[in-house]
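You will see two complexes here that share chain A, one where it goes with chain B and one where it goes with chain C.
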Partner chain A sequence: MDRQEILLKLTDLFREIFDDSSIVLTEATTAEDVYGWDSLNHVAIVVQTERRFGVKFQTSEIEELKNVGDFILLIEKKLKEKAA
Partner chain B sequence: MAEPLVNDYSPVLSWLPPSADWNDRFRLLGETAEEDTWRALVGLANSRLDSLATMRLDRRRGKLFPAAPSTGLSAKPLRLAVLSSSTADHLLASLRVGALRRNMWADVHVGDYGQYRREIMDPSSGLHQFKPTAVLFAFDAPHLLGGLNADAPDLDAIADDIAQLWDQVRAAFGCSVIQQSILGTYPSQFGSNEHRLPNSKSHLVRKLNLLLRERADAGGVDMLDLDPWVARDGMRAWYDPMLWLKAKQEVHHIAAPLYGDLVARLLAAQLGRSFKCLVLDLDNTLWGGVIGDDGLEGIVLGQGSPRGEAHIAFQQYAQSLTRRGIILAVCSKNDMANALEPFEKHPEMVLKRDDIACFVANWQDKAGNLRSIAQQLNIGTDALVFADDNPAEREIVRQNLPEVAVPELPEDPGLYAACVAEGGYFEGLRLTDEDLERARQYQDNLKRETLKASATDIEGYLRSLEMQMRWRPFDKVGLARIVQLINKTNQFNLTTRRITDEAAGALIGDPRALTLQIRLVDRFGDNGIIAIVTGKLDDAGDLTIDTWLMSCRVLGRQAEEATLNLIVAEARRMGARRLIGDYIPTAKNGMVKEHYPRLGFAPLGDNAEGGTRWELPLDGAEAKPTFITLTQE
Partner chain C sequence: MLFNSYIFIFAFLPIALVAFFAAGRFSIRLAGAVLVLSSFAFYSWWDPRFLPVLLGSITFNYLMSEGIARTAKRPSLQYWLLVAAIAGNIGALAYFKYLGAIVEFFRDNGLFEGGIGKIALPLGISFFTFTQIGYLVDVKQGAAAERGFLKFLLFVTFFPHLIAGPILHHREIMPQFARPETYRASSRNIVIGLTIFVIGMVKKCLLADPTSVVVAPGFADAAQLPVLSAWNVALSYSLQLYFDFSGYSDMAIGIARMFNVRFPLNFNSPYKSASVIDYWQRWHMSLSRYLNLLLYNPISLAVMRRRAEAGLGTNKAAYKTIGGFSGMVLLPTMATMFLAGIWHGAGLQFIVFGLLHGLYLTINHAWRIFRPKQQGQAAEDSAPVHVSKVLLTYGAVLIGAIFFRAPSCASAMHLLAGMIGLHGGGANAEALLHLAPDATIGGGIRQLAWIAALYVIVWGAPNTQQIMCDVEPALGKFTPPRQLWLKWRLNLPWAIAVGVGAVAAMMSIGNSSEFLYFQF
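And then the complex of A and B:
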């Protein structure tokens, strides 16, 4: 899965979580850009991302997720580890 | 090798059907009238939702119904407050959707975590403004017992303290209370014999849960017991240390839909909305094979084969439910003679004909048959759970009678009982004498019906029943049942006036008040309390009947006439000269519109409540002839 595919899948996921089909994500999107992406929902996003991509993040890795690009990088890394 | 994912364990809503067209139905939401939209939402909630779909559905519900839908569409709106020592915000969507699944609109309030004491004490808090109808207490173990190495706590003091919180919220809001069991999230320090280690925190959690149960039983509080579910799914599915460390979330996101459902079934039970009757299919549900094709010797049932034993186990489960007050019915596509044969002749059948309160076997559609079963049992179709192995039959019933619960029985009959049990349809709160008696009462009814069918005339039938009406005024012993009947009887109820414990208690011993609780006993058994009457005598000698309600199951047996005879006799004893009766129409009590004229009352015109008023002068009123003997208990 390349970064573009991950971005599209993440976009779908965000639209479902927030029931908002107008959400458009880019790698630069941060919590401030998405209505409802607060610290509480951040955990929900992490959990649902793990489920959608079939990966599991470490506690320390979650700390570093500041924008959508970080999510994509981490997902990409996890998927590679899984494939190996 | 990849490490196993926590998500491999999943606390799913196993009894609900996965829905292939869920996304399509979701997309169509809101394009219909309010009533259809609400129904569609309830329908979507009754699918095997995961945490993401639950969140989506909840957001959409919030947009479409920011306030409760108009009355008649759903149950009375609920206001649930969650008072938790850790973060509970991620559970709210599931709590609301759990309520939605049961046709209830819930508003949910959550306090800042750990602030529950202040919220309860401070009259200006959000909790006090919210005025909950139900409060859920959820405490995490470290909050109550401290860290692994904290000193040994005084468990009794902790339990007393929690019980005091229950009392405080009940005093402030008159709400119901649910106490979540404490999750044992501590790691084991000693092993299987953990209890031998003094101050083992994981053992203390178990002890504390026992203490909480005792106090809940004594205090009329209902427990939310998570332990059986944690055992089913595994602690790793319910509790993720990462989520605890990161967000102080004790219950895992993926377990949230199940958590919400467990709370919602308690809330529904508190409102008297648990299901009442399990309707069973026969072929491949109660036994393996098709009785009409395979014959008595060909069906698979009983010891010797795993499949035969699986059906036995399911029958045993169904029979166990009758012992706690659940009614059983049969709804099968079969010839009646074939359907009955195993009940009468198969040596391994656990369920007997007597266990089935209503037996329907024909070739008509099952939705229609379910309606008729509900009618015969005098309950709503929304009190039926329908267990059928055939996915097509299940789907037809879901389409035509969405209010009937249809568990998604797995293919393996060995899992039928677990599936019905996990659905929580029959969530119980406390067992009443009526519950214990119910199965027997329906069996007695069956015998009465048989007698009726064999009797050549109705008089002969009534005489042969040897009916006795046993009555007494209200008393403390009967009060709980009296209040329950007054507040739940809808059909044979002249005024549908509801009452509180206090108001009913105040009538006891009042010389101006007529109060009657009436049982009907016949040769087949005790029908329990079948009528409640209250009235008030004024200075002019008029005795006005405030409440007259009867159980529909004794209709057609002259119980109305016998009750009137009793009222007349008691009114005369009190010195009354005239009876006054009101009929106040509701959506459900049309059957008693002509009650008073039928009994010989004369019209007095309309009353202030949109109904009619009737009188019966006691001077010269003659007793109605009946085959019922009156006895004071």
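And then the complex of A and C:
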């Protein structure tokens, strides 16, 4: 799965969680850009991502993310670890 | 020794800086060792009896962390080592911080005879214990590179954060100590650090300390206060707390910067928040971040993972069900804030403080979840709406602060009763007399003007990192001040302003009290 595909999948996931079909994610999107992206929804995003991509994150990993691009990098890393 | 004491400013700090950079010319390890020794001297200055507690805690945690690091291939053993290590830390904290209060509680209720002697609270124990628990978890999750005893000592004891934070992450500090440039004196960083330090000292000595005069007598006499005096005490405390702790944090950030180290932010104009959720992102930020990482996220993750496995939703629609709301919002929020309350102290008032904020946050989340859906992205609030949100948030925070400061819940309730007029007292000349520490009408008017001026600063002025935004004062994000002339530059007018601030703050050092957060 390349970065673009991950981004598209994440966009779908965000639209569902925030119940807002107008959300458009880019790698530079941060929590401040998406209305309602607070601590509560952050965990929801993480858990849904875990299920859809079949990976598992650690608390220290999900805390450091600065933007969607960082999150995609982390997902890529986890997918590689899973494949190995 | 206090950051705002002559011995610290004119003796300890210059000696520690010179020794560190002199040693840095020979070797990084030597400089690290010199800094650790300076930090021990700094810590022992208050009370050398506590040094063994600090050393014991560090040794225990270092050994446990190495055990955890070396059992990565045996996950269940590693897990239990982590559990034992955290239990050891909490046990020590409970002994020093809570045992006395628990024994007293049992004795007062006739459940226990006799007593134990008073247990003195080692300075900074809540902070260095939390720092080290965070480290243990990082090691378990493989997020702590740069291990080793000297590095660990440096991380935990580095004196700017040792007593009262900011609570640091290993991974944001140790890479900085790994860089050779950190060990070479930089006049630029010393100037920047000193400037931030002076801003913090001005907040502490010139704003917080004079405001504190009415606070202690006010809380001691809470049952008698008429309405204006009660407000005076509550508002004065709220302002004192902010300027004291944010001033302390600025000083810590400034000192670290002189050693070429950037700390995370601890305050971001919290009283400007327009919601309580926002407030906790801006008040004691390093503690919020820590609680989020070690309590809120794990609890919330566990609940949501279980729901997801059971085929229950974890999205907006699911929050709207009773089970979803109580599991995913109420439980993690209340549990986290309850523990945050207890962390501050053993009294019932701290539990009330924690639960109140848990309730505020839950209501805040409920509002976001249940209110009718708005079209598209939220537009900017109009000015009156924004001002009412800020005032509502501040009012909620103020009630919490009264419990936070009060010697007991009864005292807090008395003060609140006074504020709504239950102890009488209108706005007459006599009420003004009550306001002033010196009981004169002129004093009362001066006190009103002083409080008004502090709110102008709290709500109108840019914060330290905004003023210093061009020189990356800390780790994190900051925006430039709206008033661009308030942006710090390396020039003569600013040098004069900072110099005047430094002299004025130092001249009032004699009246300074300890920092409020030293009791935690």
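One rule holds in what follows: the second predicted complex is superposed on the first by the 84 of 84 C-alpha atoms of A that agree within 3 Å, B and C clash if a C-alpha of one lies under 4 Å from a C-alpha of the other, contacts with A are read in each partner's own complex, and residues count from 1 in each chain.
The definition used in the following text is that a residue touches a chain if its C-beta (ideal position, glycine included) is under 8 Å from a C-beta of that chain, and two chains touch if they have at least 3 such contacts.
Not measured: the values here are computed from a predicted model.
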item: Which of chain B and chain C A:54 touches, first, second, both or neither; value: first
item: Touching partner for A:19 - first (chain B), second (chain C), both, neither; value: both
item: Touched partner set for A:4, first chain B, second chain C, both or neither; value: neither
item: Contacts of A:81 with chain B and chain C, given as first, second, both or neither; value: first
item: First, second, both or neither for A:35, with chain B first and chain C second; value: second
item: Common interface positions of chain A, toward chain B and toward chain C; value: 16-19, 39-40, 43-44, 47-48, 50-51, 58-59, 62
item: Complex interface listing, chain C residues touching chain A; value: 137-138, 141, 143, 171, 277, 289, 292-294, 296-298, 300-301, 304-305, 308, 314-317, 319, 328-329, 365, 368, 373, 376-378
item: Touch list for chain A against partner chain B, complex; value: 13, 16-19, 39-40, 43-44, 47-48, 50-51, 54-56, 58-59, 62, 81-82
item: Of all residues in chain B, those that touch chain A in their complex; value: 2-3, 5-7, 50-52, 55-56, 59-60, 63, 87, 89-90, 242-243, 245-247, 249, 252-254
item: Chain A residues within the chain C interface of the complex; value: 16-19, 22, 35-36, 38-40, 43-44, 46-48, 50-51, 58-64
